[in-house]
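One chain, subunit A, links the two complexes that follow: it is found with subunit B in the first and with subunit C in the second.
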Partner chain A sequence: MATFIFLVAAAFCIAGAIGIVLFRDAIRSVLSLVAVMLALSSLYLMLSAQFIFAVQVIVYSGAVMVLFLFVIALMGPVREQPSTRLRFQGLLAVIVAGSFAGLVVAMLGGVRYRAPDKGAVLSTFGSVESIAYGLFTTYLYPFELTSLLLLVAAVGAIYMSRRER
Partner chain B sequence: MSDITIGNEHLDASWFLILAALLFIIGAIGILIRRNPLVILVCIELMLNAVNLTLVTFSRQLQNSEGQLFALMSITVAAAEAVVGLGILVDIFKDREVEDVDELSELRG
Partner chain C sequence: MTNLYNDPFWHWIVVVVAMMLLLFVLVSATAYVVFLERVVIGHIQRRPGPNRVGPRGFLQMAVDGIKLVTKESFIPHNVDLFTYIAAPSIAVLAALLTWSVIPFAIWFGGVSYWIANVNIGILVIFAISAMNVYAIMLGGYSSNSKYSLLGGLRSAAQLISYEMSLGLSLVPIFIITGSLRLQTIEGWHGGLPLILVAPLSFVIYLISAVAETNRAPFDLPEAESELVGGYHTEYSGFKFAMFYLAEYMNITAVSAIATVVFLGGGSGPVLNWVLWLLIAAAIFLLLLWSRFVPPFGALVVASIVFAFAGLDTPLFWFLIKVLAILFIYIWLRSTLPRLRYDMLMQLGWKVLLPLSILNVIATALVVVALT
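Moving on to the complex of A and B:
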């Protein structure tokens, strides 16, 4: 059953990702991204990351995607023309992406797995409690810095959307 | 050693890593061949999601929740990046239509 769910979710991910790249309309690309993110969230659930699953659905598939859809609604449809500045762009992109894919495959072939850490309790693994414990002890400073980053982003977005400056 | 037990089945961690690598590469191809700045932002989000999948996979394989912590922070950073990126796009689109990211070259010296 787990293998079946993984294969279905992986198929949704790949199909959605290809849809993002191939659809001409921006709105279809964004909706494909929603499909990818929902399929990924089911994979997170399989990997017993319940909290990340909830965050993925609420923050990504909810908030960020609504933001993208609002921007598309504001800008209206944009027809995409083939590039005029760079010739052979598709060919160049295939070459660059192909060498990059070779790099990633070589890295995957060299992965050496380490034995799991001792002392982990799988029944509470990925729960809010275990994440919050790390977040408010060892990683308190990075956590505070991300909240500062969110504040800066919010202020910056408000500043940019003002009419006159 | 790389087995991940789900229910009473064993999945290999490398399956998840291969899926993440595929998503990352497809996102990179999208950034290279698409012209619409909004779709390029969407492709960046796709690549960030692929990295999150890697973090969560290794977190599960090592049974160490630190990977999930980093995934959480990367989701936060991605949300901030989307807000600022879309804000800049809306600001530019108020003045004119942009069909191609190559038109956005005002900062070139």
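Moving on to the complex of A and C:
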């Protein structure tokens, strides 16, 4: 059962990823990206990371991708014209994709799997409680600094948009 | 009777049967929510409302359903066909999925059976309701019509703005109950209604939920005086019916969540069957002269059946509370004029969001001070 769900989710991921690149219609690309995000979230769920699953759907599919869709709908249905591409783009794509694939293969070879830490409670692993505990104890300062960074970015964005007016 | 949940085989049977039941009950109940709305609005506007088809108009929704299904499904020129068909499907899918985690349980033989009892129940609901934006946006975008597109754009902005205050309005509840599991929240201190503890949260939730479900006075995505029909202008026949069904299923779901989180869900005085029948008769007599008979009458009949079938009262209390909140929604719709777009955004960002953040901080401080 788990293998089957994994295969379905992985197939959706890969099909969506190919769709993002190949669709000429911007809205189709965005929808493919949404499919990738949703498939990814189901993979998180299979790793019993329930909280990450919910946040992935809420933040990425629910907010970020909707903003993408919003901008594309605002601009209207613009299709990517073949003439706007570089002449040697095909060759470049093959080189970049090939080197990236090589990098991934090299990295996968170096992965070392390990047993869970001694004393780790697997029944609460990935639950809201365990993530909250980690965030507010061990990782409190990085967590707060990240939120400060986001606040600075938001204030900066508002400042930029006001100055243009 | 042993707990069927613990058996790996029966577990699946129970879940599938519960899902089928839910699907059937939900779709037909939704039709009668529409009917309730039409009757109540009729009363508020001092006109009869639907009263011709069947006894007291009771069959109106069945006839409407047949009309919508058999109607020609007209597809305009130059629509983006894939997204045009996907949009209403996403709407119905999201509306139905929300119900999978709502603790809308059947109490049978002392054990309650629900479809899913998950650790992150409320987050799942938020995640699924986030999908509603896609239905409306894609419907608006793919229709190749400026009214639809404007409706879709408005709705995307509106839903994102109000999603935050909706989420933040429930955070005090998590702080108080210490859980995201809806079943735990419902049974907090033996089903004590959390509205007594967090009334501000309830108000913010109710207002944001109206905006999230695109209901009047926040129905700007489909403001008919400006946008014809908004995102579903170009939809007809069964595809329109799907949008329509999804809208009412969402309203019912939102009311059910409010019931579970704020009103203690299915908790209420346990009645023996004599008291039960007396109450049912009293409601029936009270409603006999009003024209709310069909929807509430169905409830009365259902509760009598439950009383004799040995099913417990929680379902009855749950339904009563859901109906009360639905009534508030209908009341709001028929009473308040639609907000202007900038007023809507100001209310969301400058009133509800700061208020809900203050509410979270205040609740956290009080909880820390008390423990």
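The rule is short, and it goes like this: the second predicted complex is superposed on the first by the 152 of 165 C-alpha atoms of A that agree within 3 Å, B and C clash if a C-alpha of one lies under 4 Å from a C-alpha of the other, contacts with A are read in each partner's own complex, and residues count from 1 in each chain.
Simple rule for what comes next: a contact is a pair of C-beta atoms (placed from the backbone, for glycine too) under 8 Å apart; a residue touches a chain by one contact, two chains touch by 3 or more.
Note that the structure is a prediction, hence the values are computed from the model and not measured.
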Partners on subunit A (subunit B, subunit C) - clash or fit: fit
Contacts of A:Ser29 with subunit B and subunit C, given as first, second, both or neither: first
Broader residue contact with subunit A after superposition on the shared chain, subunit B or subunit C: B
Contacts of A:Ala63 with subunit B and subunit C, given as first, second, both or neither: both
Contacts of A:Val128 with subunit B and subunit C, given as first, second, both or neither: second
A:Leu91 touches, of subunit B and subunit C: first, second, both or neither? neither
Subunit B versus subunit C as contact partner of A:Ala115, first or second or both or neither: first
First, second, both or neither for A:Leu74, with subunit B first and subunit C second: both
First (subunit B), second (subunit C), both or neither touched by A:Phe51: both
Which superposed partner A:Val21 touches (first subunit B, second subunit C, both, neither): first
Smallest separation of CA atoms, subunit C relative to subunit B, angstrom: 11
Subunit A residues contacted in one complex by subunit B, in the other by subunit C: 51, 55, 63, 67, 74
Complex contact set, residues of subunit A against subunit B: 1-3, 6, 10, 13-14, 17-18, 20-21, 26, 29-30, 33, 36-37, 40, 43-44, 46-49, 51-52, 55-56, 59-60, 63-64, 67-68, 71-72, 74-75, 78-86, 89-90, 92-94, 96-97, 100-101, 104-105, 108, 111, 113-117, 120, 122, 125-126, 130-131, 134-135, 138-139, 142-143, 146, 149-150, 152-154, 156-157, 160-161
Residue ranges of subunit B touching subunit A (in the complex, touch as defined): 1-2, 4, 6-7, 9, 11, 13-19, 21-30, 32-36, 38-39, 41-43, 45-46, 49, 52-53, 56-57, 59-66, 68-69, 71-73, 75-84, 86-91, 93, 97-100, 102
Subunit A-facing residues of subunit C, complex: 80, 82-83, 118-120, 123-124, 126-128, 130-131, 133-134, 137-138, 140-141, 149, 152-153, 156-157, 159-160, 163, 180
Contact set on subunit A toward subunit C in their complex: 25, 27-28, 31, 34, 50-51, 53-55, 57-58, 61-63, 66-67, 69-70, 73-74, 77, 127-128
